[in-house]
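You will see two complexes here that share subunit A, one where it goes with subunit B and one where it goes with subunit C.
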Partner chain A sequence: MMFKKKMLVSVIAVWAVLCIAQAAPAAPPAGFDDNEIRIGQWGPQTGPAAPWGSVARGSKLLFDIVNEEGGINGRKIKYFIRDDMYNPAQTVGVVKELVERQGVFAFVGGVGAACGMAVKDYLAANKIPWVGPSAADQDFIQPLNPYLFAVYPLYRDEANVLAQYIVEKLNMKKVGMLYQNDAYGKDGLEGAKERLATYKMSLVAEIPVEPTEKDLASQILRLKNSGAEAVLMFVNPTAAVIALKTAANVGFKPQWISSNTLSDYPLMFKISGGLWEGVITGAFGEIPDSTHPLMVKYREAAKRLNPQERWGTFYSAGILFADPLVEALKKAGRNLSTEAVMKALNSIKDYQTIGPKINWTEKQHQGTDSVMIQKCGPNASYIQLQGWTTNDLATWKKK
Partner chain B sequence: MPVGQLLVEGLAIGACYGLFATAVFWLAFVITMLFSILLGVLIEFLFLRPAKHPSILGMIVITLGAEMFLMGLASWKWGAEQKFFSLPLNPSVTYEPVKGMIINNWAIAVFAVTACIMLFLYIFFKYTKLGVAMRATQQNKHAAKIMGIRTERVFSFAWGFSSLIGAVAGMFFASRATLDPAFMMEPFLRAFAAAVLGGLMSIPGVIIGGALMGLIENFFGYYWPHWKPIIAFIVIILVLCLRPSGLFAKHYVKKV
Partner chain C sequence: MDMKRDYYEDIQLFQSGVVLFWTVVLLLVLFTLPLVVPNYYVYLFNIIMVHIILAVGLNILVGSTGQISLGHAGFFAIGAYGTVLMMTLFQLPFILAILIAAFIAAFFGFILGLPALRLEGPYLAIVSLGFGLTIMHVIGGVDAFGGRMGIKVPPLDLGIKQLGISWILTTDFHKYYLILIMTIIMVVGARNILKTRVGRSFVAIRDSDIAAEVIGVNLTIYKTLAFAVSAFYAGIAGGLFGFVLGFFDPFTFNMILSIIFLVMVVVGGLGTILGGIMGATLITYLQYDLLKNIAEVPYFGALMVAVSKQWFTLVGLENFSSMAIGLIMIGIIIFEPLGMFGLWIRMKKYWMTWPF
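Moving on to the complex of A and B:
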């Protein structure tokens, strides 16, 4: 008897929840009012990808500066950071919360290709612009997603530019590649092959790495015996450290070249025990101690507004991912609407702050094909090797 | 007890954290070792002892749960990001005894330490009273209890010692990669597979299983890098189909 009663209560409870859940999705609250514009970002503040969490805090610095200077057309920016722990399932949760409870006008940044993929269509369905995802993914831009505006250079373009640098500037003919066996690594692999093909060259070794692998001895030996003078790495920080340590163990000393994902030299220098010195990487922003006037301004502001934060590449990346949205909000004027901001974003042309030059049109939302090339010097210092370099082979531009 | 020994591989990693950053290496080393023993004993006491008559599978699940709990604890206390870790062995010092065979200090230390531990375990299980008691407990807990062996104490000791070995393995691994709370998860799976390959109940079997596993992986990994992550597991499935108790286990079938 007791059991039946409990059963009945629980059935009713479940039914009630289902009914309410059915009724709930009304139109989400507006993303702005007369006094404020609400902007959100997800990013790992805890968990395995926490070092990339500084991107979201970097965007906060930009919005704090904008607010200090009086806001945008009489409105202040109210900014929300939500921790998704680099877990796409959690990204969906925090993004829904911001859209349906807080009412968010636009999103900026957002670390992780998989996290972004999980919410891309949801944001588009709710007509919420998303500017400067902190990840590169072909699926972000092809087919065109009208609400997604990419700043981050594609890994394929970056590998292209890096391979060109290896052949033309370093004069190295034997190039090996160590790539993560997923979209990130494979995009890099394609780019490198594409560029080498123009010199009638091919990679002397193409070695895949699973993201969790802890023993790379056979892979490194393979690279060593291939006679590679330069090894291009599109892997994660741990795999890169294992690769460098293993190579040191077997006396293999090529020129290591890596994608911009490993361009946080102080971090890489620290966790590799100094082996990172001499590694060349791509970069999507100015070096941290750059004398670029905007970099000086942001650096000073960071000291004042967020003194405990380390001034590094990922923190300043948070600024450059969000910059174009601020520009578009200014252009849209006091009479704010999503349509007005979309129009402003679609007409951004040769816009450059501390990142690459951004161009968006109604048909093309990949903002750039350019990276810089930098090198890790003694004590994790940054050495600028080459300024913004475009990829003349970029396939997405031809379409 | 090698089951426990392999299961704990990686459990004591939390102990390595922080200590190394703050103290002189050898002092930290000793403290870590002591801490890992305590941790192993504590895990047995808190998680395994309350479980009544756990099967091997049940024990594995409990240990995995404990491992996840400790990983969470470590990332809460010390952060989840990768940290640098090194043993006082210069990785760049290499020797080439035979042309084409380069060996470095790290590998020499691994071989030496493994040999010492194996020798110690061999003597311990064969000649000491406690070692014999442990073997007895493993074969038949109830009979051992009736014979006056304090089986709880035996379990505590087994876990403490397993944990110590796990910490040593963890330190070697961390010095070759980076240190973060989850970094032993992958080696742990391989260690477990190696144990299954060699035979869970035989110490030489486990070591030979591990060596075979490393060799198979690296030889295949060299010629077919795409297959490296899975080849070991394919071999294990084959072995288990042909010899279910592992390559070197003395076949022990319970008769009903």
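Moving on to the complex of A and C:
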């Protein structure tokens, strides 16, 4: 018994010493040093949303190019990709790990509205800028989150532009809509209605789809009976494919128009068995085989640095989400600090690379309201129908 | 060495002075741990402890009663949503909210226990799988629950609003102590359940339900009770989990999560409290930390990156995470059916006679 007491006392003593030795509050490590700037991104590399994982790898390509060209003001970018499997619980984990253990200066991209929602307050509390979330969510920009800079056009703006295109360019009067029954689909619905109201028109059919529904026969029949000439889709890839297949079976052939979330034509073409040909979509970036000089440069670099990767819209989206951050880091100069970069980000004006023009001010962090309009040609080729188009009805701009 | 002379000796919480000593040491370590480790680990510990509560509860069902459940993410979700909604809609204090949510989960556990009276093995697995998925989709379809966009968790207020008492825990550090205390209560509770008549009935059902019935165990009551108790644990864990995250959507509680829970129990060791604890700790640590950052592990990380570049696809390294957990599971089943608990017993035996 004596021995045990001694043991107990000594263990407690050792532990107390350890505590005192290390009790100094451990502030998160700085996000940069003289040689490198650490930047992170979460994105689903595995799991159900894995096809969107190429966004995070696209940003890697941009940072590799920047590093090849000598880095930013003498510092190289060290880039961390963390797989969160599209699960907010894991997003919180990987973000905390990157911030508190690795020391990250800023985040870019980040797939998934829910994943972003789970970490946005944490990032703001730790004063870590987050540029170009690859999801559109009203909650990201309203109320203003000083550390969050959005590049992705809002679904509402996109639906507005698409509806305008249908009425003015395609001259179609009967527009139906198939929308996913959540914020994504409903934002699109609002936008389409808003635009049609300016022409004193309304949707001939508004059909909600549950994200998990696998049988859309009744919905498609309702659309068919409404006589819609054009059907606007704000749904997920699976629902879109089922809708197209069901419509083909019942002989319903409207002009399908979809949001940019389905603008990966090779993927959609493949999973729809070729039915995707002729579908018009919005787009957040230049077409993959564009002759835009920057696109040519990035395409060549991708062939050289990451030959395994398929050069597609989501991969290049990773570049355009991260571009403004690189620009701001350059502007901030050698004397780097979060404040300097925030100032540079807040003063980005008409900045354009392979995406839309980005404008940020102290009071407005939604960077753009513009989308392109593209069409799927034979063999999943891209045809550009209309260049960058802004939404003159965008509600967030008026404030 | 483990000879028991009477019943009271068997139900003693601390079997000997040695156990008491090491328990005190362990508690001291647990209570001082967040003071010495970086904040990130505190978050990881919180997740681990939440998973421990769940795994211990699941082990009562799977390990001790011999019923299978692939739907525990559903109970987990009920706990998380229930607690948050009780607090936001009815302004209930946290402790009351989490208890009510856990009882709701237990009620659903009872419901799921009913088909278990007739089904076993793979059939029960399918029913429980369906249950978990149904919960996820039902929650996603109800706007009051935040729909598919998820809900934001209110501040974790331990006080009672109606009396004007407020004690808000904001940091991971503060939440750690709340979760630690809850975990200790739940684990001791589980141990006590298993040491009583109820626990022995569970074990009797697992070993042979016909024999159990013959010796007077009411199968209807005890099978549904096992489900209810297990679901109660999942509910408590879910309620805490919501506050660890701060925001969640229905998809957080997907089928993969149910399977991971089962992996924790199998890897840790079926039918033992310690097994659940060890399994939850190991699998959570691997999943949230080590396998996520494998590229940064010294030496081994570089090797894996090279192997991945040479033979795997683009996301080979990320997929290695699932492969590793699968391999651990297969390895455990082949080489150590008792799981990590079995390894622990062997180690204990070895050291007991060391060095002779």
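The rule we apply is simple: the second predicted complex is superposed on the first by the 373 of 399 C-alpha atoms of A that agree within 3 Å, B and C clash if a C-alpha of one lies under 4 Å from a C-alpha of the other, contacts with A are read in each partner's own complex, and residues count from 1 in each chain.
The definition used in the following text is that a contact is a pair of C-beta atoms (placed from the backbone, for glycine too) under 8 Å apart; a residue touches a chain by one contact, two chains touch by 3 or more.
Note that the structure is predicted; figures quoted are calculated from it, not measured.
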item: Superposition-derived comparison: subunit B or subunit C, residues of subunit A touched; value: C
item: Subunit B versus subunit C as contact partner of A:T212, first or second or both or neither; value: both
item: Which of subunit B and subunit C A:K245 touches, first, second, both or neither; value: first
item: Which superposed partner A:R38 touches (first subunit B, second subunit C, both, neither); value: neither
item: First (subunit B), second (subunit C), both or neither touched by A:R75; value: neither
item: Which of subunit B and subunit C A:P237 touches, first, second, both or neither; value: first
item: First, second, both or neither for A:G273, with subunit B first and subunit C second; value: first
item: First (subunit B), second (subunit C), both or neither touched by A:N87; value: second
item: First (subunit B), second (subunit C), both or neither touched by A:A50; value: both
item: Residues of subunit A contacting subunit B in one complex and subunit C in the other; value: 46-48, 50, 181, 210, 212
item: Interfacial residue positions of subunit B with respect to subunit A in the complex; value: 75, 79-84, 86, 91-92, 94, 102, 104, 106-107, 173, 176-178, 180, 182-183, 185-187, 214, 217-222, 225-226, 228-229
item: Contact set on subunit A toward subunit B in their complex; value: 46-48, 50-51, 181, 207-208, 210, 212-215, 217-219, 221-222, 237-238, 241-242, 245-246, 248-251, 267, 270-273
item: Contact footprint of subunit A on subunit C as seen in their complex; value: 17-18, 21, 24-25, 28-29, 32, 35-36, 38-40, 43-44, 47, 137, 140-141, 147-150, 152, 241, 244-249, 251-252, 254, 256, 287-289, 292-293, 296, 313-315, 318-319, 321-322
item: Of all residues in subunit A, those that touch subunit C in their complex; value: 1, 4, 7-8, 11-12, 15, 18-19, 22-23, 26, 28, 45-48, 50, 53, 57, 82-83, 85-90, 92-94, 96-97, 99-102, 113-114, 117-118, 121-122, 181-183, 210-212, 306, 308-309
